[in-house]
Structures are given as C-alpha cells and as structure tokens.
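Multiple structures follow.
One chain, chain A, appears in both complexes that follow, with chain B as partner in the first and chain C in the second.
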Partner chain A sequence: MNSLLEVTDLRMVMPTTHGPTELLRGVSFTVARGEAVGIVGESGSGKTLTLRSLIGLTPRGSSVSGQVRVDGESVMDLSPRRLRGLRREQVGMIFQDPHAAINPVYRVGDFLTEPWRRSPRLERAAATERAAALLARVRITDPERVLASFPHQLSGGMLQRVMIAAAVMHDPGLLLADEPTTALDVTTQSEVLALMNEVRAEHGASLILITHDIGVVAAVCDRILVMYRGRVVEELTPAQLYAGEISEPYTEALLSCRPEVTRRQDRLPVVAAGAFDERYAD
Partner chain B sequence: MSAVLPAGQATRGDQASRLGLWFFAGTSFLLVTMAILAPLLAPHDPNGGDVLQVLQPSSAEHWLGTDASGRDLFSRLLYGSRTALLGPLVVVLVATTAGTALGILAAWRRDWVDSLVGRLFDLVFSFPSMLLALLFVAVMSPGLITAALAVSIAFIPAIGRLVRASALREVNEPYVQALLTQGFGSFYICSRHVLPNLWPVILAQVTTSFGYAMVELAGISFLGLGVQEPTADWGKLIQTGQGSIVRGYPQESLYAGTALVIAVVCFISLGDILATRKNGGHR
Partner chain C sequence: MMTQNATITEGEPPSASGGEAPALRVEHLSKTYLPGTRLRPRPPVVAVDDVSFALPERSTLAIVGESGSGKTTVARMLMGLEVPTSGSIEFQGRPLSVRTAKDRRSHARSVQMVFQNPYRSLDPRQKVGASLEEVLTLHTSLSASERRTRSRELFELVRLDARLLDSLPSDLSGGQRQRVCIARALACEARTIVFDEAVAALDVLVQAQVLNLLADLQAETHVSYLFVTHDLAVVRQVADDLVVMQGGRIVERGVVDAVLDAPEHPYTQRLLAAVPREGWTPGLQPGI
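Here is the complex of A and B:
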C-alpha cells in the first residue's frame, strides 16, 4: 500500500510570554489510500493543530519544522497558489459546529455553488444543479428546500450533511474531520458518522477523524492514534483496543475515563494534569 | 451578531427609535431632493444680484430676503445645499473606501502591516482636519474637491479603526477558517464574506461621518479655503453674511447657519439610531 499522507517529525513552537512553548513535539504517522485513521487525546494534545498543519494552516507566529507530504507533495514548500489548489481539490475538511462554519448571511445554495462559480466559472443554474446532485449524495431528500434555506433554518445534523457535501464536492483523496459530531445530539451523531463514512468509501478517500469519543473511533477507523502533549504516544487497531492489548499507561488512563453502561460508577476517574509528563518527556 | 429579542417585547425605546429613524430619514431625504431639484425650485438665479435690492427683508418676491449684493437668499440657500451635500458625499465615499480597505487589511494580516496601518492612523488622527485643509490648499487650489479630499484623509482613521475592530471579530469566526480550508484566497474571503458582515457597522458610521464632514467642510469654506465665490455654499454664506450682521441684517448668516444645523443634526442622529439598532439597542 502506498501512502497518501506522510507526516514526519512535525514540530511546532509558539513564542509566548513565558518563552517558547512546544505545541507539537515530533508527530509522525502515515495514512494509506482509503484508510481511516482516528486521532484521540485530551484537549490541548495537538490533535487539531496537527490536522490543520496538514493543509498548511498553521497558527500565526508559530515556527513549524518537519515534513508533511500529501500525494508525494511537500505541503510546507507549496506556493500559496498551489496550497489553495490543494485545499480546494485534494483535501476536504469537516468542522465541529456546522452553524459556525458557514457564513450566516448567505443561503446554503450560495455556499455550495460558490466554489464552482469561482473556479470552473459555472453559470448559476448549472452550479445549482450540481449542488442539488451533491446534496442527493449526502442523502438529502429535498435539495431544493435546503438550497434555498439560510444556515440558521436547518438543524445541526442537516447542516453537517451540507458540510460533508461541501467537503467532498471535488472528490478529495483525503477527508479531515475535526470532531464532526461533538456539536450534534446523540441520535444524529451516528447518522452523520455513518454518512461520512459511506460518502468517503464511495470514492475511496482516506479519512482522519479527530474525536474525544473512543467508541466512535473504534467503530469507524482502521487505526487509532493516541496523542498526548504534542506527540503520538500509541498506535493501535480497534481489535487491539477491544482485546485490551494496550501498551501505554496513558491510553489505559484515557480509556478508564469513559463511563460504561455495564458498570455502576459514582465518580469517573480523571487523568491528572501532568501525570504522564515525565514518561513522555523528550 | 445582533441580539435576538423574544417576540412581543418591543420596548418603548424601540418605538421611539423607530419614530426617530423615520423622522430623520425623511428629513434627510427631503434635503437631498431639495438639492437635486434646486434649479427647478429656486425662484431666482442664485448668482444674479440686483444692486437696487440689497439686504431686503422677507417679501413675496424674495422669501428670505436678499444679501448685500442683492441676490435672492432662498435661491442661494437651495443651491448651497448642493455643495453642502456633495462635499460630505465625496468625503464619505473616499474615507469609507480607504478606511474599510485598510481596516480589513490590518485585521486580516495582524502582523507588521497591522502595526503600520495603526501608526498611520495615529499620525493622521493627530492632525486637525483644518490643518490638513490648509496644507492641501497650499499645494492645490482652494475649492470644494480640495477641501473634501483633506477632510476625507482626516476621516479615514475613525472609519478604519472601527472597521478593523469589527473585522477582527469577524476573521476569527470559524466560517472564515472553513473558507480557508476550502481553498479560497484572502482577497475573495475578505471582499465576499467579511465585508458583507460588516455592512451594518459601516453604514451607521457612514451616516454619522456625513454629518460631521458637513460641519468640517462648512468650517473650511467659512475660512475661505473651500468653495469659492460666487458659488453658493452654507459655510460661505455664513461668512459673507458676517458683514451684514453689524449693519443690522443677520438673515444671511442666520438662515445658512440654521440650514446647516438642521442638516447636520439630521444625519448624525440618523447614524446614531442606525448604530444603536445594529447593536440591538445598546450603544
């Protein structure tokens, strides 16, 4: 299997008032074509930063080193123009809160036709037709109504489908999803997740899924990366996870924080701040 | 973000502001119509004087009397509203365009460009617009456009800072990040997405600036640096009327001053109301 994405020793340092802070401390992983990889870890472990670095969206003022290769091309060395091309056509991204990720002053139809009206310069009617077809792909049964709606008129689940549609409109080889179900209610979560996976599988795109929910990752992904303080501390498969073949104490600790329906617990354990700093120090 | 009030909770202040909005918008509209239709409405040639009819009081022939050169004051006031409105229009167009562009640029870049623009604003802020006007008149010839350009430059920082502050909030919205990940360019995102979300803020500022620009321009032409004789202009009328005041004929300065006050109060109040409504009732 040749890999679509290769991340090698990705490091990010951010200058702060108390001196430089290491946000990413040598993240390395690969994603094969068609593979789904999940990233889990507590808040601030660098999941989102890693994801955004993949398309060259690094925070202002940070210095980044290491290699990110998408389809063999080094993202860090791309010209701004090529980088925009990469973001437009090769990578699609899905965000946590769809209501925040779509400009509220435009209709969904404007949002979905915008890219096509811009780069192949399609007429409005042709672009709208394509947008309707796209919405059918994400199982929306009444595309006309959705296209004519403003974002605030649609439910979170519906709007997240629209986001998914926007992410796959150019049939990207890589889908990035940053906690795509966190802002949704539980019943729509699984629907959206299943949909995302189906749409992805249709044209064999790879997926990187960030979430706090280990159950979600295990259900969707082929491989799980556990991140702690800017570093990948463990890589395992769902099978290993279910079988309890976990080698890192941090992963154990993270797992023990999940409530389980089969066990009565008054108090959930927490991972104490800095408890594993020594183990995962440089 | 506009605050959402529960339905049926329109407050008394809300009604008052709606009434005020219609009143000031109506008066502004009337002023603009008068300026456009001045040639049709004016009973006399604004520049044609009759030496036998100097400093006449109000009469059926001359509604507001005549000035020291025997020119009909009502006609001159009507024609004066044209320069009085044209000047601020130029100011608002130039200052808003430049201020908005610089403000969004600064908010988008956030690096040395932001600092540079900020310091430039500080620099311009430290010059009174009268001083700028003097400078401009020294370089170019005195006239409406020269004065309007000077005031425009003086007004850029106020609009620029406001737009920068609002744009700063806007560019940190997730939807802007989402557009970036979709591969849209900076210019496209700023002009098609950030700008439309700033319109309410800009519109309110434009209306208020219009009123203030009117005062500034009237002041400049009062000093003789703006509109030149014989063109009628309110600021100019106040100045030329000065000579007649001591001779017991205050009407020229008085009427022009009143017209100016009404127009300025009108536009500034309109801007205030728009700004308040934009903020959901809070200033």
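Here is the complex of A and C:
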C-alpha cells in the first residue's frame, strides 16, 4: 500500500434552522507518500471542512460518515488520546493567518519549546537549542531574536515561517496547509512556498494545500482537486491544466475568471451564482 | 532613484482632460512617526517620503508595494485618518480638511474607502440594510421610504439580493460582506473610492464580478478609483496608471501596460517575477 492518506465517500451533514444541510457530499481521494495535492474551489465548497476532517476536527453538531485513513489508521475510530498523538506527530498544520493561529501572549520561544518541555520533558536550555535548530531549518538567520519575540513583533512572513517550523517539529508524514500564503505579499509568498517545498523534501512528507489561487497550486502540487459544493468535481495535473485539458466547466470557469498579469481582458468572464448546481446535483 | 516609465509626470497625468482639476492631487506628501514617548523618544520612522501623484476624473490609479512600503499610510492620509507631516492633498482642487464635523461630512462625499477585511468593516449588531440607510441619512435628504428604495438599488448595483438587506453581517459570506461595503461606499456618490486590498479576500468568481462591476460603474458615473494592492494581475485588469512604492518612496510610475510590460526598477521586476504563472517555481530570494 503506497497511499499515505485515503479518503472514501466522506459526507458531512449539519443541522440548521432550514433543516439539515449537506456540507460534504461524498469526497473521495488518495494522497501518496511524498505527493503534493492541491484543493481549489470557491468559499463554501468544503475545502477547509475536508482538510479539518482529516485530523478529526469536525464542527460540533455535524454528523459525518465515510472513511479517512491516515497511514492505514481510521481517523474516525481513534481514541481521543491516539487522535492527539496523530495531530502532534503524524500531521503538521499551517493556517492562513499566523497572527491568529499563534497565541499572542506567549513568546515564540515558549510556543516552539512547549511540546518538548512536556512530552520528552527536556530541560529549558535543551528545548531552546532544539527550537533554534528548527528555526534554522526554515532559514531564520537570527533564531535568538525570533525566539525572544512576541508574535506581534514579527512580520506575517516571518511568523508563517515559525508556523512551518512548528508544523515540521516532529517530522510529520503529512502537512496540511490552508491558504498559507493568502495573507502574504507576492515575494513573501514565493519564499514561504519554497520553504514548504524544502522542509517537505527533507523527509519526503506529503502535502495537501488549499488555496483559491490556482496559479499557486499549479506551481507547487503534483495533482489538483477541484471542489464544488462539497464534492470533488475534477482531478487534474498542472500540465493538463495549462494544456487546457480540462473536462469540467466549473474548472474552466475558475481558471478563466482570474485576471492575468500579462494582459488586460475586456471583461472578465462571470459565472452566475448557482450556475453549476444542476450539473453537480446528486 | 526613480525611473520614469512612459508619460506620467508628477502631478500632471497623461489622461487629465484640459485644465479641469483632477479628482485627487497629492503633492510632496510625507509622514513621519515619532515612536516612544516624549521623555523616552525613539528614532523617527519615515513611513511616506515625498510622494506626489494625481488621479484624473474617471480613471483608476494603482498604488503597488509590499507591506511596509507606505501605501496604506498614503490611503489613510487621503481619508483624513492620519495627518500628513508635510505636503498637500486636494480633492477636485479643494484642499483636504477634516477639522469640523461639517468638513468631514463633505470630505466623505468626495472620497470613500473600502477596507481589506470585510469581517471587521461592518457593525456585527447592525443589519446591513440599516448600515446602508445610515449613510443615506447622513448624506442625502431622502425620505425613509426613498432611502429603502435607494438601498435596494444599491444592492442590485453590487449584485446582491435585496432580501439580504435584513441580514446581519454574520449571515453573509466574505464576498457578500465586501459587496455591502462597496455599496456603502457608493451610497453617498463619492467622486473617488479608495480600495485598500479590498478584492484580495474575495474568491476568484466573486472577484471577477466585483471588478467588472467597478468598471461598469466608472463608465456610468465618472467615479475615480484608487487601488492600494500588491496583486499585479488585478492592477493590470483595472488600473490605467500605476505607482510602485518601496520604503515610503515612489520608485517607478507610469501607464499600467507600459510598466508591467517593461518594468525598469529592480523592485518592480522582483514583484513581477514573484507572480505565479505557468512554469513558475517559488524561490528563496537572497538577503531576506
């Protein structure tokens, strides 16, 4: 078995005031070891819900069916203790806004040494040394300053590096990144993506990358999943994307309505809300 | 150092129609912050350094730069949210003044701003229809029923369902909220609208709709736009002119197509090289 991750017919229903709403409608895909898979789709398509389900983070009140296997283990059947172990050691997460994801009242050093102070119970000095080495991996040249800083004292790009460092702390087999560069400037985005590639290559980790920028996904991933209304509607490679070998009109729409840096379009193609509902109905 | 690409000269843009005052003219604008306290001052920070540009009627100017380039500080000074250290700001030939409430109200009719984060721009306890009508109450003499009608029209303009007027911001998606903010900016028929990264948070399908909508509105109403952004694809699509800022200074300026086809300043070239496209691979840049 070569797949690190297998998702089979993942469904999620959420009770609302208007009756139960299906948020995920049978999502299936696999991720091989070392493979990078991108998920694109508009907001509300279920990208983030899918990603969070992979580590058992499902919204309160939702009912979930289907299967998620990480390294052969069924995530939904794990004990809370095993689930914590999975989140701590096998999967690393990188979020969109590092300033929102990292506790603002602790120093970066506290944030990065906490896991080692607890589970292997390292002395502070030893843990700090490890944290500094970790920051060196994400090419931070002055780890002492960064470790002594509070999150608000660092730029978004710098703090996103800290988050990557935290995510790869236990050399996880799988990295999950949810819009990791959306809040960043283009040149910083380029660096953060390059760093993610680099740390991933060191241990052959797999990656699932969510973004609404199809250009970013195509540059970083081996395979692209296109989601619409809680379902994967197309799966393709970056080469196919750029060669125009696209079979679904929704993918076509996602690609064509982005403005291009090389030319001005007379008008951007527009898709009416719900234009694809019929096509992708059950 | 500044490269002059194409035709814009300071304060005298190419598309200015003969003799008429531009929608906005900024000359030698600077902003220096004095951090620390009076007793324990820290070294001054120059956020904006001698910036000049003009925005002709019915045109769109983009200010491009990364975080720390001073572009948002420029926008905040235009809105009267920051006081310039030196330099002048004129809207339709009249100097910016926000001293009295009356000044601020008339200033609001010349320029409106749409912020980056639609989640923080609306009062979470106020229905979005009420927040629109509030603007109309302040700036027009419409009756209550006329305001209601006008709100519906504004919602139609930004392609929002009028049924959503009674929603709270928390019931709306990010894209819908941002369109409410745009409708609010349009409500008092300001001559200029400043967009501070306002389309960055929208997903591509909504973004395309909003960009088309802004182009239509400009054709219909002669409104001018100032886009503060780092997204060069958006700049290419919507803007006529472009200024590139780095470290508080303008390092390159010109007509959008000219600058993006042949950027002269290394900083502009670096920004352009970092845009993902076919065959692009992310790279680590030396020195950062």
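Please note the rule applied: the second predicted complex is superposed on the first by the 278 of 282 C-alpha atoms of A that agree within 3 Å, B and C clash if a C-alpha of one lies under 4 Å from a C-alpha of the other, contacts with A are read in each partner's own complex, and residues count from 1 in each chain.
Basically, contacts are C-beta pairs under 8 Å (C-beta built on N, C-alpha and C of every residue); 3 or more make two chains touch, one makes a residue touch a chain.
Just so it is clear, the structure is predicted and the values come from calculations on it, not from any experiment.
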Query: Mind checking chain B and chain C on superposed chain A, clash or fit?
result: fit
Message: Going by the contact rule set out at the top, does A:A126 touch chain B (first), chain C (second), both, or neither?
response: neither
Task: Classify the contacts of A:F95 with the two partner chains as first (chain B alone), second (chain C alone), both, or neither.
output: first
Message: Applying the document's definition of touch, where does A:A136 land relative to chain B and chain C: first, second, both, or neither?
response: neither
First, second, both or neither for A:V216, with chain B first and chain C second: second
Partner chain in contact with A:V271 - chain B first, chain C second, else both or neither: second
Message: In the superposed model, which partner reaches more residues of chain A, chain B or chain C?
response: C
- request: Could you read off the angle at the CA centre of chain A, spanning the centres of chain B and chain C, to the nearest 10°?
  value: 80
- prompt: Where does A:L86 make contact in the superposed view: on chain B (first), on chain C (second), on both, or on neither?
  reply: first
Query: For A:A148, is the partner it touches chain B (first), chain C (second), both, or none of the two (neither)?
result: neither
Message: In the superposition on the shared chain, how near does any CA atom of chain B get to one of chain C? Answer in angstrom.
response: 7
Chain B and chain C footprints on chain A, overlapping residues: none
Query: Can you name the residues of chain C that touch chain A in the complex?
result: 66-68, 173-175, 200-201, 203-209, 211-212, 215, 230-234, 236-238, 256-257, 260, 270-272, 274-278, 280-285, 288
Message: Considering only the defined contacts, which chain B positions touch chain A in the complex?
response: 110-111, 173-175, 177-185, 188, 193, 196-197
Message: Applying the document's contact rule, which stretches of chain A touch chain C when the two form their complex?
response: 42-44, 139, 155-156, 182, 185-195, 197-198, 212-216, 218-220, 242, 253-254, 257-265, 267-271
- request: Would you pull the chain A residues touching chain B in the complex into a rising list?
  value: 55, 57, 60, 84-89, 91, 93, 95-97, 100-105, 114-115, 118, 166, 176
